[in-house]
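For reference, the structures are reproduced in the following blocks.
Below, subunit A partners subunit B and then partners subunit C, in two separate complexes.
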Partner chain A sequence: MVIEFLIKLAQGLGIGALALATGLLFGGIGRKIIARIQRRYGPPFTQNYIDLFKLFSKGSVSHGWAFDLGLVAGFAPMLAALMFLPIGPFTLLPSDSSLIMIVYLMMMAYLGMAMGVLASGNPNSAIGMSRALMLMAGYEVPFAAVIFSVYLFSKTGYLTQIVAQQAGGFMNWNIVKMPLGFLAIEIALQGMLGEKPFDQAIAPAEIASGPMVELGGKYLGFGMIQHSVGLFLETGIVVDLFLGGAPNFWIFIAKQFVLYFIVILVDAILPRLRIHESTSFFWKLPLFLGILQAVIVIIQGGVLNV
Partner chain B sequence: MELNLLKESNDYKYYELFIGPNHPGIEGNFSYVLKMKGHSVEEVTPDPGLLHRGFEKLMERRLWTQNLALIPRICVPEPDVNEVAYCLGVEHMMGIDVPKRAQYIRVIVLELARIASFLFGMSGLGGTTGHYTSVQWLIGDRDYILDLFEWLTGGRVYHIYQYPGGVKNDLPEGWLDKLSDFLDYLEKRLPEYDKFIFKNPIIQKRTVGLGYISAEDAIENGLTGPNLRASGVMYDIRKAQPYLVYSELDFDIPKTGDGDAFSRVLQRRLELSESIKILRQCIEQIPEGPHRTKVPNPFQFRVPKGSYYSKVESSRGEFGYYIVSDGDVKPYRVYVRGPSYSIGLYYATKALVGMRIEDVPVWIHTTDMCPPDFDR
Partner chain C sequence: MSEWTEIVDYFRGRSMWMLHYCTGCGAIELPPTMTSRWDMERFGITPMATPRQADILLITGYLAIKTLKRVIYTYEQMQAPKWVLGFGSCTINGGIYWDSYNVIERLDKYIPVDIYIAGCMPRPEAILDAFVKLKEMVQKGEAKGYEKYVKNYDWYKANQDRVLKRTSPVLKEIEKVTKIG
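Coming up: the complex of A and B.
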């Protein structure tokens, strides 16, 4: 029993490290691609590892216990959510891989981060965090509509089962069966990752990088970890929901990268919307697509016949 | 938030927010202190005085020609207008005739600097709206102009190339050909910028109708340059009171006239095309001859007693130098009229009130202000 627990613990830590390493690598490659679009040479794709190492080797200024606790609370639920994510053929806790649980933990992470940065007392942080939460209220609605469609279609809320139902080739993937839902979740992903046109929470010229303005050293390092793990988790969810999961880890991260690639291409060419425009946008086109997808699933009879 | 909190009601928090001096949304060593109500600006207090130079006072302590190395610092993105305006004033007071070739070279330098400044100014819109690809593209193209300046003057940003009586050196061999190649390249890039920036629906959404300035307000508050012309007042010193050889050149003043942030940037974009037109004519028409009239030894250089106001049209508007001489080897007094002073220090206190925080840096950068000319 104890040995089993220790093995699970080691596997959990391994998944966390893997997600972090992959997220940082994606970020580094993303920076390089954006640099090339912008006619720059760009930093090496390992720059994010170097930055993280540097941040954790620097001294840090704390703004009190709520600040410290908030940042840990922002990072821990992300790691916890990873334990339920099917990564290729591997899921640490397959019997508990409920989508609701994962989405709940992701929201907890953002609320934790909000608690931390609000404790810094900087008005830019407060505005940034209020924008992040407002944006969340925007993209979570179409995201929920898509999850509802997948529930109706797959008749299960467990990611492991949703992945299993898509086995057998490309034509079984949910992207083929629910293309509108995929489109809606891809747009929502742009907001979840905070990339343009939905990067209002950190808008440097407007609010001096918002939540990050009071983060330095290890605290900024924690923020970077949260973003990198979030990147792995959020793209991973879409791979499992719509791209049929993956038979091995390498194919899984290749599929994640395709999603991230689309996100950074959009990020490179579009400017930033105002915050209220972003929220209302999410409540229009992506939500419409999500609801339309749910209606199509219902009409196709998958649910009414139950 | 509690650190800057002024008061709190059931609906709003009232607090202070600093845009600058260490803030990506501001230009130069300058700051606005905003009193905020929720996300909207209630009161604006400009906070200049952070440059710690005192150009005007420094000029009184230096020889007439030594000042040429100091004054370009008054406007970093477009330093040449200072040099030319100052030289025009000194030449007028001394009665020096500037050779035709030198006048053409001055126009080439001014128009090239104007294009560089417009590219820099348009990139400000990208920086504030997060359209960073346009920023990198525009700054990248501006670098080709800096290469040309480096070849001509030895300096990339500050050129210190003008001198009473003309310019310090003649154009190097092949320089005009290279300039012509660059203009060809830039003209090919412009449709791409139009599509990428001005036809971008989000850029339009964020700038059309923002920070409207009526023609009456623009005149009353002393606005000049593209900011004035974007409000529909077609005043340009190059046309109204031509200096150098502008009267021999054929160019138009583009009309946008909507008075909002979008038209202010569009005005610059259209004027950029006119500057290309002017440069092409200069390449064709520039005569042979001396590039400078000989003037006395700098240590014995005395300007006759009197005063004169010389002005040039910069990319931001009227740049003027009011020069007073008591016949000494140094100026008695030099007053600099910068184009950003009126809009950045005065009009901003009216224009920013009621604006949402996300629009403030967009407004600042679409007016293309240059705060060192507040702190001169």
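Coming up: the complex of A and C.
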């Protein structure tokens, strides 16, 4: 019993480290790609690892216990959500409601971070956080519509089973069966990752990097860890829902990277929208696509006849 | 222990985040340094938005006594290890403001400067040269200006107080003079 628990714990920490390493690598490659699009040489792709190491070697200032607790509360739900995500063939905690669990925990992470950065009392972080939460109110609605249609289509919330239903070649993937839903979730992913044109929350030249304004040293390091793990989680859930999961870890991160690559290309060429523009955009096109997909699934599957 | 310090110093030199305090005309040399032509991100140097996140404080140009006060606040908000780059001849000897009544002449009397970049103005090549030089100094463990500031705080504080005294209001009873009616 104890041995089993310890093995699970070690595996959980391993998954966390793996997600962190992958997220940092993606971030580094993303910086390189943006640099090449701008015709620069760009930093080495290992730059994010170096930055993280340096941040943890620096001194740091706390703004009270709520500030410390908020960063932990921002990071812990991300780590917990990873435990429910099928990474390749492997899921640490199989659960028949894992989809709902992940969506819930992802939102908890942002609320935890909000608590932490608002404790610093800096007006810029308050503005940044209000923008982040408003953006969340934007992209969570089409995201929920897509989750709803996948739920209706697969008739289960068990991610491992959703992946299993897509087995047997490209034509069985949900991206072929529900293209509109994939389009909606890909647009929502742009907002989730906070890339342009939806980077109002951390606009550096406008509100001095928003939520991160009072984070320095190790605290900023924790923020970077949260962003990297979030990147792994959010691309990973789209891979499991629409791209048919993966037989092993390498194919899984390759599929994740394809999604991130699209996000980076859009990021490199678009300017920043204003916050009300982006929220109303999410409530128009992606929400329309998501609802249309749900209606199509309902009509095709004959869910109403049951 | 010393090997560990060497490793830490090596990575600190490879990742330096910069806060540019653009008081003077020198700020105009920074956009070309950051963007496509000279691209300083290849050395791991990125502009940052706030002093909490930054490692380098780049003072571009002259400092009036009032702005000196803000620079000292900014410098003291930064987390160690931190380095200061004085940019242009204004930070070295006052430049064209050498005889001005409200501009300081030598920056390193008030905060410790690790590297000066001479010139009026220095070109982006000179700025990149300074960054590479700073990287070498950090990796050898030579750039210790922030420790010097802590050790000689009394001297720096006395110098700062001597000039900052002059920023106090000239009029003795402001409320009485500015009161209407």
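Please note the rule applied: the second predicted complex is superposed on the first by the 301 of 306 C-alpha atoms of A that agree within 3 Å, B and C clash if a C-alpha of one lies under 4 Å from a C-alpha of the other, contacts with A are read in each partner's own complex, and residues count from 1 in each chain.
Just so we're on the same page, a residue touches a chain if its C-beta (ideal position, glycine included) is under 8 Å from a C-beta of that chain, and two chains touch if they have at least 3 such contacts.
Values in this document were obtained by computation on a predicted structure and should not be read as measured data.
A.B. asks: Touching A:Glu277, do we find subunit B (first), subunit C (second), both, or neither?
C.D. replies: First partner only.
A.B. asks: In the superposed arrangement, which partner chain does A:Val150 touch: subunit B (first), subunit C (second), both, or neither?
C.D. replies: It touches nothing on subunit B or subunit C.
A.B. asks: Is A:Ile127 touching anything from subunit B or subunit C once the two structures are fitted on A? First, second, both or neither.
C.D. replies: A:Ile127: touches subunit B, not subunit C.
A.B. asks: With the two structures laid over each other on chain A, which partner does A:Met106 touch: subunit B (first), subunit C (second), both, or neither?
C.D. replies: It touches nothing on subunit B or subunit C.
A.B. asks: So in the superposed three-chain picture, is A:Leu287 touching just subunit B, just subunit C, both, or none of them (first/second/both/neither)?
C.D. replies: So A:Leu287 meets neither subunit B nor subunit C here.
A.B. asks: Would you sort A:Lys54 into first (subunit B), second (subunit C), both or neither based on which partner it touches?
C.D. replies: A:Lys54: touches subunit C, not subunit B.
A.B. asks: Report for A:Arg39: first if it touches subunit B alone, second if subunit C alone, otherwise both or neither.
C.D. replies: The answer is both, since A:Arg39 touches subunit B and subunit C.
A.B. asks: Touch check for A:Val229: first (subunit B), second (subunit C), both, or neither?
C.D. replies: Touch status of A:Val229: no partner.
A.B. asks: If we overlay the two complexes on their shared chain A, which of subunit B and subunit C does A:Ala205 touch? Say first, second, both or neither.
C.D. replies: both
A.B. asks: Which residues would you name on subunit A as touching subunit B in one complex and subunit C in the other?
C.D. replies: 38-40, 204-205, 208-209
A.B. asks: Can you list the subunit A residues touching subunit B in their complex?
C.D. replies: 34, 37-40, 118, 121-124, 126-127, 196-197, 199-200, 203-209, 268-275, 277
A.B. asks: What part of subunit A is in contact with subunit C in the complex they form?
C.D. replies: 31, 35, 38-44, 47, 50-51, 53-54, 57-61, 204-205, 208-209, 212-217, 220
A.B. asks: Would you tell me which residues of subunit C are touching subunit A in their complex?
C.D. replies: 8, 11-12, 14-15, 17, 35-36, 39, 41-44, 47-53, 55, 78-81
A.B. asks: Which stretch or stretches of subunit B touch subunit A in the complex?
C.D. replies: Residue positions touching the partner: 1-4, 15-17, 23-25, 36, 39, 126-133, 135-137, 140, 196, 200, 202-203, 205-206, 356-361, 365.
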